[in-house]
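Letters A, B, C, D and E mark the chains as written, and numbering starts fresh at 1 in each.
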Amino acid sequence: MSDDALLSVADLHVHFRVGGLMSTLAGQPSHIEAVAGVSFAIERGRTFALVGESGSGKTTLARAVNGLQPASAGSIRFEGRELIGVPKDEWKPIRRRMSMMFQDPVGSLSPRLSVRSLLAEPFVIHGLSRRDLNAEVMRLLALVGLPSEFADRYPHQLSGGQARRVGVARAVALDPVLIIADEPTAGLDVSVQGEVLNLLNDLRDRMGLSMLIITHNLHVVRQIADRMAVMYLGRFVEEGETEPIFTKPHHPYTAALLSANPEPDPDKVHNRIALPAEVPSLLDRPSGCEFHTRCPFARDICATVVPPSTMVGASRITCHFPLNTELRLATSESI
Amino acid sequence: MLRLAKIWRIVRRIVREPLGALGLGLVVLVVLSALFADVLASYPPTKLSPADRFAPASFQHLLGTDHIGRDLFSRVLYGGRIALSIALGATGASLVIGIMLGLIAGYGPRWLDNILLLVFDALKSFPTVILALTLVTITGPSLMSVVLVVVLVSVPGYARIIRTQTLVLKSAEHVMAARSMGAGSARILTVHILPNVIGPILILASMDIPVVVAIEAGLSFLGMGVRPPTPSWGSILNDGFANIRDSYWIVVAGGLPIILTTLGFTFLGETLRDLFDPRLKGRV
Amino acid sequence: MTVLDIRDLSVDFATESGALQALRKVSMSVPENRIVGVVGESGCGKSTLINAILGLLADNGEVTSGEILFEGTHDLTTLAGTAMRDLRGQKIATVFQDPMGALNPVLSVGRQMRDIQYRSNLSRREKDARSIEMLRKVRIPDAEQRLVQFPHEFSGGMKQRIAIAMALMMEPSLLIADEPTTALDATLEVTIIELLKELQQQIGCSVLFISHHLGVIAELCDEMIVMYAGEVVESGTTRDVFHNARHPYTRKLLACDPARLTHRARRLPTIPGTLPDLRNRPEGCVFQARCELADATCSRMPPDEEIAPGHLARCWHTEASVMIGAGA
Amino acid sequence: MSNIASTNLSRRTVLAGTGALGLASLIYPARRAQAAGSILKVRSYSDIQILDPAFRLAAPEGDITNVIFAGLVVATAGDKWGWRPMAVETIEQLDPLTISFKLRDGIGFTDGFGQMTAEDVKFSIERIADPKNESPYSGDWETLKEVEVKDKLSGLIHLKEAFAPLWTSTLPTPSSTILSKRAVTEAGGKLGVEPVAQSGPYLLKEWLPKQRTVLVRNPDWKYEQGGYDEIHIHPIEDEKTAELGYEAGDLDYTWTSVSSISRLKENPPADTTVVEKPSLAFVWFGMNKAVAPFDNPDVRRAVQYAVDRKAVVDAAYFGAASTSTGIIAPGLIGHREKNLYDYDPDKAREMIEAAGVSGQTVVLDILNKTERLTAAQVIQANLQDVGLNVEIKQNDSGTFWTLGSKDNEYHKKLQMVVQRFSMQPDPSWATEWFTSSQIGTWNWESFDSEEFDKLVVEGKIELDDAKRDVMYKKMQDLMEESGCYVFLTHEVAGVMYRNSVAAALKPNGEPVFAEFKPA
Amino acid sequence: MLRYALKRLGLGIIIVSVAMMMLFAMVYVIPGDPASVALGPRATQEMVESLRARMGLDQPIWIQFARFYMSAFRGDLGTEVLSGRPVLTVVLEQLPFTLTLIAGAISWSVLLGIPLGCIAAVKRGGFVDRVIGVLSVAVIAVPSFVIAIYSLLIFAVALQWLPAIGAGEPGNVISQLRHLILPSLAVGLGWVGYIARIVRASMLETLEASHIRTARAFGLTDRRITYSYALRIAVLPTITLLGVGIGHMLSSSVFAEIVFARPGIGKLVYEAISVRNYPIVTGAVLVTTVFFVVVNVIADIVIGALDPRVRASFD
């Protein structure tokens, strides 16, 4: 991790308690590891994307970075400060520098508050209410391209895209350096997705923001992220620069995800990597390479030996038999 | 001004439903007659007149008189004050306590939640009447005792509902969002949770008002209600039961306002619920 | 033969603030043994269309014009309750979007699969055998054992397969699939799509496939219609529509799909503006407010222009529209 | 409520709480002739808890022990207090200190405990009298020296001192019940709820708690026969319920609530006789002279003037009861003819004014019974009229009976009370609670008069009726003179029974089961 | 499932303990001394002291509680001081009467409430629905003791159709049933309303669920969808409601038992409190809270049996 990284996460673990005393006594695990040893860094002004399917631990990871979910081990350094172990009451200034956006555009806005109150809230929380709140609200509305009369609307009167803009405005209200965005385009129609992504890109450029984007939508990643990581069962299976990963995925899971994206072209010949079986339970992680139960390329060793984390090209991957290393062509290469 | 217009709009929506109109009408009737009891009543509610006892309904005594010749109509009107003040006082107190405890249980640490739940469950596992009897035996019958009983009986229910909703909201995205902005627990509870849980509970509470009236009546029936000669509907009923064989009108005078108030608040509460919180339909 | 033929269908909903026209003069058809895709964004009327076909419109909904001809004979808009019910499940089967809620949570899967065969004279055992056969077809492992299990014991992907098995059990002539993969992860989505395709060929039924996901439509469907604000704005073979879209909305929609962008773009294309208020439809073209080609002609109802045989676009400017989205 | 005490215990019965539910409720058997031919269905106000005559808790238990065990003598029904021999063939007072008795030859105990002998008499009476046994009824035999056994069936009862109430309130009560010495010893000195060695005209056949007690005719009883083959006793606490149960035909006989009497008389249920019986109970309104403002004798006197006793009694008892002149009921030795102070509101108002307590609020404690409440409300109105505000505090029986106890801090605050005691037909029963030694126990008014205390002791050993009469009248004068008491009423007891039943009632309305007969 | 039941029972024991602790604390501050109440005016100080010692009242409250609790675990609730009978016997004698009363009340509410709720839901918005709605609210609104009084007055006194008091001839089922009708109606009538309303509400909710739409889309008949698919789910809240409602019914049964002079736990406690008969009060309350907790565990298990989702969450 470079020292000038805005955020660097090292070997982060997040546990959830499951079951009670009885199941512990019955020998069942008392914890699941939603995030199991993850490391990455985000440099200033750059965007990092976390990709994975449901249950991969990407949202948990994002919440751990923001301190909403206590981490059980590892390190999170933000602007040079270690965040793990920061007492509860010292989080406030940190959160001013690092804001978060949540999945549900409407649901992440307090339903009984007007847009005005919602946008003023960051200032009130951080004791900045002496500022001219109305001016700030108007500034923010203008910033995200909403007319000023929206200040008096309530969340349920907003469309998904409008609500998302309000969410973005709140996130940038206090000039943070890092925005964590959990599925910023979820629930939005494609025509609106573009608006939101454009807005985020704009703001990043204008305000010099860094972003951590969590998504399952690979197309979004390609449009917005500089670096990306693919998560499976709480671990990174592949992490690196975005474009090379799209063109030459090395981990079979990454390749499968990429190939699973139907493209809007009826003439496209699909050459899919089909993933058999279901995602294993976190309570019962597979041995060896945790992907071996679904990996079409798995061999004997995969079931027993945990693959090391290696650099292949510019990407760090966890696989015994990475793809695209020699002359093997991408299985699913888009154009 | 704006508020008045808003209230007027709500009233219009209520009145559009036949049952809502009936409910609102009954509630308004009960409230007005309690407020203007001194104007409407032709006799002081506690004035004895043994010579006139057991008079059936007449123009002099619209609802007749009781066993010591008190005018039942006057007692019913003044009884409305008692019933409403107990109902509002006790329900209000239960709401405040229940909401506070519910928020604490739902948002506070797990151990506190567990302890509170245990206390709620323990309180709930006593049959109400037995709890009431024991309490009233301790404190002696009085208006306060009735209020205390009601509070003890209803707090666990409110607190549990608030707790459940708080638990749900605790992990709701708008609350997470507020936390991620650095909002403290106090702000989250008051700005982001309370306004979203209070609506349903207020409606439920309005539907509980008749229950309170019934508890008061029941305690009075067992001779443990408010102190005489306070004219409470329950004590009128109690007097009536003692003379039910020959003077049915006393029970009618005591029972009718209870039934009307109950129906009024229930219909009104239901209409409000259907209008504002259809999610609540699943609970009675 | 055409399995489903919808002509000029309009549906209104009575709301507190006036009538809401959810569908306006919708015409489309599903030929035999074909998969027809319906694509459109939220509020385009996809769900209303399905409910109208199934006769499950909400109480305040009303078909104000048009007809829905099933297998050329029955008009589903006028069919009586029991007759309609006899078609449902038997001839027309449906798979809904939400795999979690689609099955009754308190009845075993076997019981539910048996119940929908209630019209058949088979014995209970034979019905169960048929269920097992169908579960195998949708690749549920250990089908016999799983028959006694309850919906919550299956994962989301499996539930959706069970729903498909149930839908196809009576070998219907029309399968309506309402966003069957939307709630699923991408890797599951493709397996379901492939499964559907395979089963459709096996059974030989027609499929009406609703999705907002252009990629899925492109991959699965033979023909497609594009809906906007309760109208069919464009229809044709999938290839025609994708390669030669002529309605400005279709072109914009296709352009917006980030999956089409193989390189990182400075700015992603968008469709500025919002849906018109369906309680107060604009005269003429529904898309005019968001269309850069809009002019005075657009305030009159545009015709369904035939671009190629079977390829229609409801627009006055089908020639000019080829310029739209070209830059993307 | 009343309770007529069929025993000394009457008061304590009231205390015990069950009693508090009402006199009205004693067992009042009634039978419904056609219903079961030979079954009498009656109501009692409380269920049985213990059937040992020496430890009985409430009157309903005494009523049962009186028929399943033989006492030396037993109270008779009628308008005059009287008794007849039961276990004895003869019994007579030889001198003030000696009573001789001879048992009937042929009273057997059930369960194989043989014939009743003089040895059993000695055992039973000395058992009650011996303070070591902690019988609450030891006072009935407080001057007993010993019982001397002369032969198998006869003996002598020796007293240490003359005891005036002996023939009125000791012998004709369960305190003269004779139990089998062997049976009681084998049972550990005390009988429980399942009686052994029964000896009376009826036997207890079945007891279903809170449901009913069934008595059946004792085939071995050779003497006066009961009128029914079976008597079913239903414990019903609430008197209104009992009245409704009677009207529904579930009972043949019940005591009614005092407040219902006049209305039932006017409009009786079908085929029913409603009778009113003078009660022995006495109800008064008391002021505690130890607590302000009643430490001022003028205030007490003013209140005596302020209370319209007629109105109070009339309202509370619906005109069925009349006002009383003291604590000793008409017909008993010591009954006074008139009161010393009566209603005079103007005088009262002046005195209240003069005492400077006008406008003060005082607390009146009552038991939560309808009649008491009504009485209190009229008193409240009366006192309001002369310038005193009254707050009525209703108490449940458990709380009420400890209000004036010195163990209860409240006795130092107790200001006014409406009280009701019941008694046996001997004036000594009425007066003994008002001595100075009873302050902090039953004398809640803190009334203290040396003269009164002395008269209480003398009254018990004086055997001359005329002299006793003067003494007891004087005692009541002293009470009223103190200003602590406003005597209200002796109440009445209401009883109703089917016309198919010939009810056998003591003068105060208590039932004598053994003498009930079909009409 | 078994583990869940055990867990619930364990929790139940804790709840009962807390409840009993509260009761002991409350009883402790009630004015009035049971010993002197029991012995009456002629009792000497020595007699009172010795009775207090026998009742264990001379001990500090926590010792009294610990003693009570230890012996309660062995099934010994102490003896009633005056009659010397075991408290457990006294309480258990009364329990069946209250249980049959509550069973009767539940029968009324289930047998009338569920069909009424179903009808109302099916005829939603119609005249029948309105009538059922108003009636439901009306019967909920009237306090149970008022119903008790009026039904006694009408059916027993005026019409003489049914007996007024008691629990019926021992051993005579017909007579016992006749005696059960009015009291159980008084206790259960309000619940008919509750159940009707909750069944209606959850029916409507269930009928809107997407699996019902699926069922319709498969052409299942309305009858089957309503009574087999929807009702199965719609009755679940009823069971929970009844579980909790047992507490309320125990309360109402106090009134019914008083008005109808019926034996039972409610009246036992009512009387015991007024005479400060603490062993009976604590014993009876212990038995009723245990009963309440057990009923609720059973209700949960029944729901589990009917709802596989819940069953799954048991483990």
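Everything below uses one rule, namely that contacts are C-beta pairs under 8 Å (C-beta built on N, C-alpha and C of every residue); 3 or more make two chains touch, one makes a residue touch a chain.
These figures come from a predicted structure and were not determined experimentally.
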item: Neighbouring chains common to chain D and chain E, by label; value: B
item: Number of steps on the shortest touching-chain route linking chain A and chain C; value: 1
item: Chain whose Cα centroid lies at the greatest distance from that of chain A; value: D
item: Chain centre separation in whole Å, for chain E relative to chain C (CA means); value: 53
item: Computed distance of Cα centres, chain D from chain B, in Å; value: 44
item: Centre distance in Å when chain A and chain D are each reduced to the mean of their C-alpha atoms; value: 87
item: Chain centre separation in whole Å, for chain E relative to chain B (CA means); value: 23
item: Residue numbers of chain E (touch at least two other chains); value: 30-31, 153, 157, 258, 273-274
item: Residues of chain D touching at least two other chains; value: 244, 247, 396, 398-399
item: Junction residues of chain C - those touching two or more other chains; value: none
item: Chain B residues touching chain D - in the complex, by the definition given at the top; value: 46-48, 50, 53-54, 67-69, 136-137, 140-141, 223-224, 227-229, 239, 241-246
item: Chain E-facing residues of chain D, complex; value: 8-9, 11-13, 15-18, 20, 49-50, 55, 57, 131, 134, 136-139, 190, 192-193, 208-212, 234-238, 241-242, 244-245, 247-251, 396-399, 401-402, 405, 407-408, 410, 433, 441-442
item: Chain E residues touching chain D - in the complex, by the definition given at the top; value: 30-33, 36-44, 47, 50, 80, 82-85, 90, 93-94, 97, 152-153, 156-157, 160, 163-167, 170, 258-261, 263-264, 267-268, 271, 273-276
item: Residue ranges of chain C in contact with chain E within the complex; value: 54, 56, 85-90, 93-94, 96, 98, 101-108, 115-116, 118-119, 150, 152-153, 163, 166
item: Chain A contact footprint on chain B (complex, rising order); value: 172-184, 187, 191-192, 195-196
